[in-house]
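Read through the structure below, which is laid out as structure tokens, and then see the notes.
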């Protein structure tokens, strides 16, 4: 339930401009899908929203206030690389957020309270299909299971802003659909603002109320490092629109979704996703 | 032909390989001892094996004429008490200070140079000052062990804390953890098994400092006995004492390793075994 | 069989009565005498006295500086037949029993006493207690390393201690420290020697002659009142970590035998067998003659007049005045 | 150029059956796509093919010979988790395989030879779009860039058998299409046998000459651990078939692609991929 | 209010925080010294600061009458030579043996118990044997340092090797690496920066063993001087020597840390700084 304003944000690493001139107003309850070529700075953008990194220039406001200088419980995250806690079992990982909230001193609940927390967590584990792996440690989980655990962990806190970095990449279509459902339900219920980075355009369209694309506008080998990526498309989506009505946008974007493309050659790729859609 | 890194010995071969170097050492000892004894039958440096059994029998199973104690056992008890005190205190200090230094930049700025400096100070050279502060009794021996190994433990733990992926700390903060909860639930539990490794590495130095402390002023203890025995080169007694210390240290090491695997199953898996 | 050697090694450690070895070596006096007898002598300084004796005992050195007591306890009891080549001095106040805020030896009763166990300090304590009818059980001995003795005295835990110079002087400089008994009360019992492996000596008399020659030339220089003598003493003092004044204070508490004939006199005196008997009694009681030892007689001690104390078949400690005699007669 | 026979292979972890009764004959030059729900044992299957793990029962034969007991250069791999070498730059990572081959003693080339190796590597880096990041260390790469590096690293060795564990999951559609092209070209050129684990059914169909699905046949909560997953579908594909002709198979499979489904409810999901295909 | 783990001091605050504990120590020293000197003006244990400068002047800037050397510098030179020898040799041994033990199961089976046992053996208790085997010269001092710290380095390196993700080793094998190439190109380069950490941790013990060795038999070196001065409780000279040793050790530590960052930029990034 928060608005996010990004005002002329730049990000450089070691003198290399990664992102430049980002300007974005995100009203509350938005579901922003972010797509863009690999390595263009999507994760970096989320890291800035999380206060894990600071913009080199410009500022980010939440509800008109400058972004808190450190990560906080209002902003949940699912990282691109699985980042669950290796020393906690699946159930303990999921319940951790609840414990932090209810046990300010020990960070750990006992007895009745603990059972209750685990029960609440169980609910989310069920939603992500990990109930049976309840007592396993992350090292005994498959990649997709770890990713689902990370999702459950973040969702359980019902953050106001949720940052998702390719959260469904390692999931099979069945589970992925379950996750979509879960995500949309939670979003509608708790009215949070969601940023979702994904490589699956279909997913971006299906879930988002808004789609933004990152890309470098100017690009030739000698200049790499001097120009960063910025927002190239910013398209409002209606959740109720049938996907095929968005074919036009699709086509335009798919031409951009590669790193070495100069804008003169809009679509030389035969991406299967795009193809299938276009034939409809 | 498999790569040598993939060839894993089975139980028997493992045991054989583990014992082999010790066997070789034993043989080397016996041969050198024989050579020296042939030259001087009274040689004290490398006594024959039968001398050892006599010395062990005397030290472990016969009451000392002067004190009525069974020396080996009373010495062991005295030393172990000091060692346990020193190692436990150092472990606690190592965990607390190490985690604080590794986790909290302000503490790191303030304490890490101090700890680095203390860890570099040769403690035996400032013994006089230690005596003044802690007296000559049991306390000063425990303190010497602490001064000897705690800085190492602190620095090792701090390094390990800093090696935790930063994503984990960020993640915990998004889950609402304050610094204290984060230390308690995210950092400390992941440090315990690593702390066990560090303690294992510092057991050797701990014994060293214990022995040094006991050589300074005491009436009992393994280090005390060794220094006393050294006064007349009674290697037939010193070597069994050294072997006994080594054996105990090795057993502690082994116990700690088992404990690590038992208590922290996730750690062994993470490591990829 | 006579295995002639050309190269010999002498180990000496830092102590007032042995500092001349270091100086003689620095000044080339040792080399001069070694050249004269056509041999080589390597002089090695030890900081750790016990380690020097141990290294001698295990055969790494041909000669070492040691007290009569430690010679008997370590090399001789260890089966290394050892000859006292030079009787350099005896402690005449260098070793002392010190009480904190008490003035009489009798006050020591019941107190913990810090000292290096099984050293000459320990022996001094036992002898001191005997003089007032006490025995070791009347006090509580706490082994304390000599390097830390001064610091230990500064703590409240320590009320009585036995030690040697320069530590004695340092401690007595602290207010409240009182010397209640010292080695001048048992003169001639704590003797500082330069000892040589008997077999090496018999096979290579040249080694003994070179050592004796170098030693007594040094004695002559350092005992003189000349500038050279003073410079020698100052250098020895500095090498032992103090200065001329400090070193001369230590010399004052030492009965140096600057003249070879004085050494001969002590070695041939009728007191020496009695002293050695007491020493071996002490060692035997403390299990230092080997744990298999049934009596104090296991190790034989031979005196210049042929008298033998203990097992005649197992003589491992010999007082030999031959080389001192040669030096006294200027025949080297 | 190798046939792979899998004969009644089972795999258990700590008493839990993960995979059971696997039987598969793969002729040379196959391109086998593997799909299945998250956590069903696909990565485990690849690990066995790699000799990283041993089957609990049964055996795996390559060209009629029992599988070598250790990983070898004949079998290349791209792991699900990025596994490039953190201490080598992008170019060094890519050239490593060449160096191992040509410098048996030092594992390192110098001078002219080194330049040549780097040049060859450069070719592959270009193919995966990493030329500009040539001198970066992996820690300065985005997730997708690391994954592409791992792909380049494996391809450069032209292994006889290539094992790919969700290699394209972190890539955007544009790059992904490039990778598909690259992969197919290399496969046709070098005639290797490829196993590809993917969650993207479209990708599976597009690339594979054969599609196999892993799933647990019997499934209810109490029995978890007693029954493992096995091969439930094994469908030959023709690369030339238009995708929409495979709609039937698609439908059948999509009903299986979730973990908690019992076979009585074949398709309660609205996976966008499936939907889109079905509407054709 | 930010979490304490996120509050990073700026340069000035860092410097202030780093110096603070040393200032406090200094004040504590001066106060205690004043108190003791008020009671006994001749007190040698905690001499006043002016005594230090006199002693430093004497030791560092005036030629020794006996030898004509500037004691502090000649001692430092002698000690550093031994230390460098011991630490370098230990580092090489640590890298070689540690990688072999960590990487090759057969070597691990054979050597790791031996190394564990050796690391637990108090070297000071078997000095006589060491001296017999290695003589009393420079070699024995270097060897004592090696015996003292090499087992630690070996074990630490072996632990670190085993912590490398197993996927990396598998990957390298699929790229055609044999065991030797794998050790050379994959394991060793990743071990170097970690080895620097281990060496940093073992610098303290290395000085300790050096000082112990010099206290037994030598005619120069910082340990020798401290030993000599200790008998006179010349704290006015000992403490500057201790401070000097500590300072040098700290500078080495610092240099190693800088070197690690310079030589292995990827390592610092991996660690998340």
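What to note about this one:
By letter and in written order, the chains are A, B, C, D and E; residue numbering begins at 1 in each of them.
The working rule: contacts are C-beta pairs under 8 Å (C-beta built on N, C-alpha and C of every residue); 3 or more make two chains touch, one makes a residue touch a chain.
If you're wondering where the values come from, they're calculated on a predicted model, not measured in any experiment.
By the document's definition of touch, common neighbours of chain A and chain D comprise B, E. Chains that touch both chain D and chain E: A, B.
The greatest centre-to-centre distance from chain A, using averaged C-alpha positions, is reached by C.
Measuring from the averaged C-alpha position of chain A to that of chain B gives a distance of 48 Å.
Per-chain CA centroids place chain C at a distance of 37 Å from chain E.
Chain geometry summary: the mean Cα position of chain A and that of chain C are 84 Å apart. Mean C-alpha position of chain B lies 17 Å from that of chain E.
Residue positions 3, 45, 128, 132, 165-166, 173, 178, 182, 230, 233 of chain B are each in touch with at least two other chains. Counting only residues that touch two or more partner chains, chain C has 54, 58, 148, 150-151, 154. Listed for chain D are residues 70, 81, 140, each touching two or more other chains.
Under the contact rule stated at the top, the pairs of chains that touch are A-B, A-D, A-E, B-C, B-D, B-E, C-E, D-E. Those residues of chain A that touch chain B in the complex are listed here as 50, 52, 70-73, 75-77, 79, 81, 83, 85-88, 96-97, 99-101, 103-108, 137-140, 153-154, 157, 159. Within the complex formed with chain A, the residues of chain E that make contact are 2-3, 6. Contact residues of chain D toward chain B in the complex are 69-70. Residues 165-168, 170-178, 180-182, 184-186, 189-190, 264-267, 269-270 of chain B are the ones touching chain A in the complex. Those residues of chain C that touch chain B in the complex are listed here as 50, 53-54, 57-59, 73-74, 77-80, 114, 117-119, 140-145, 148, 150-152, 154-158, 286-288, 291-292.
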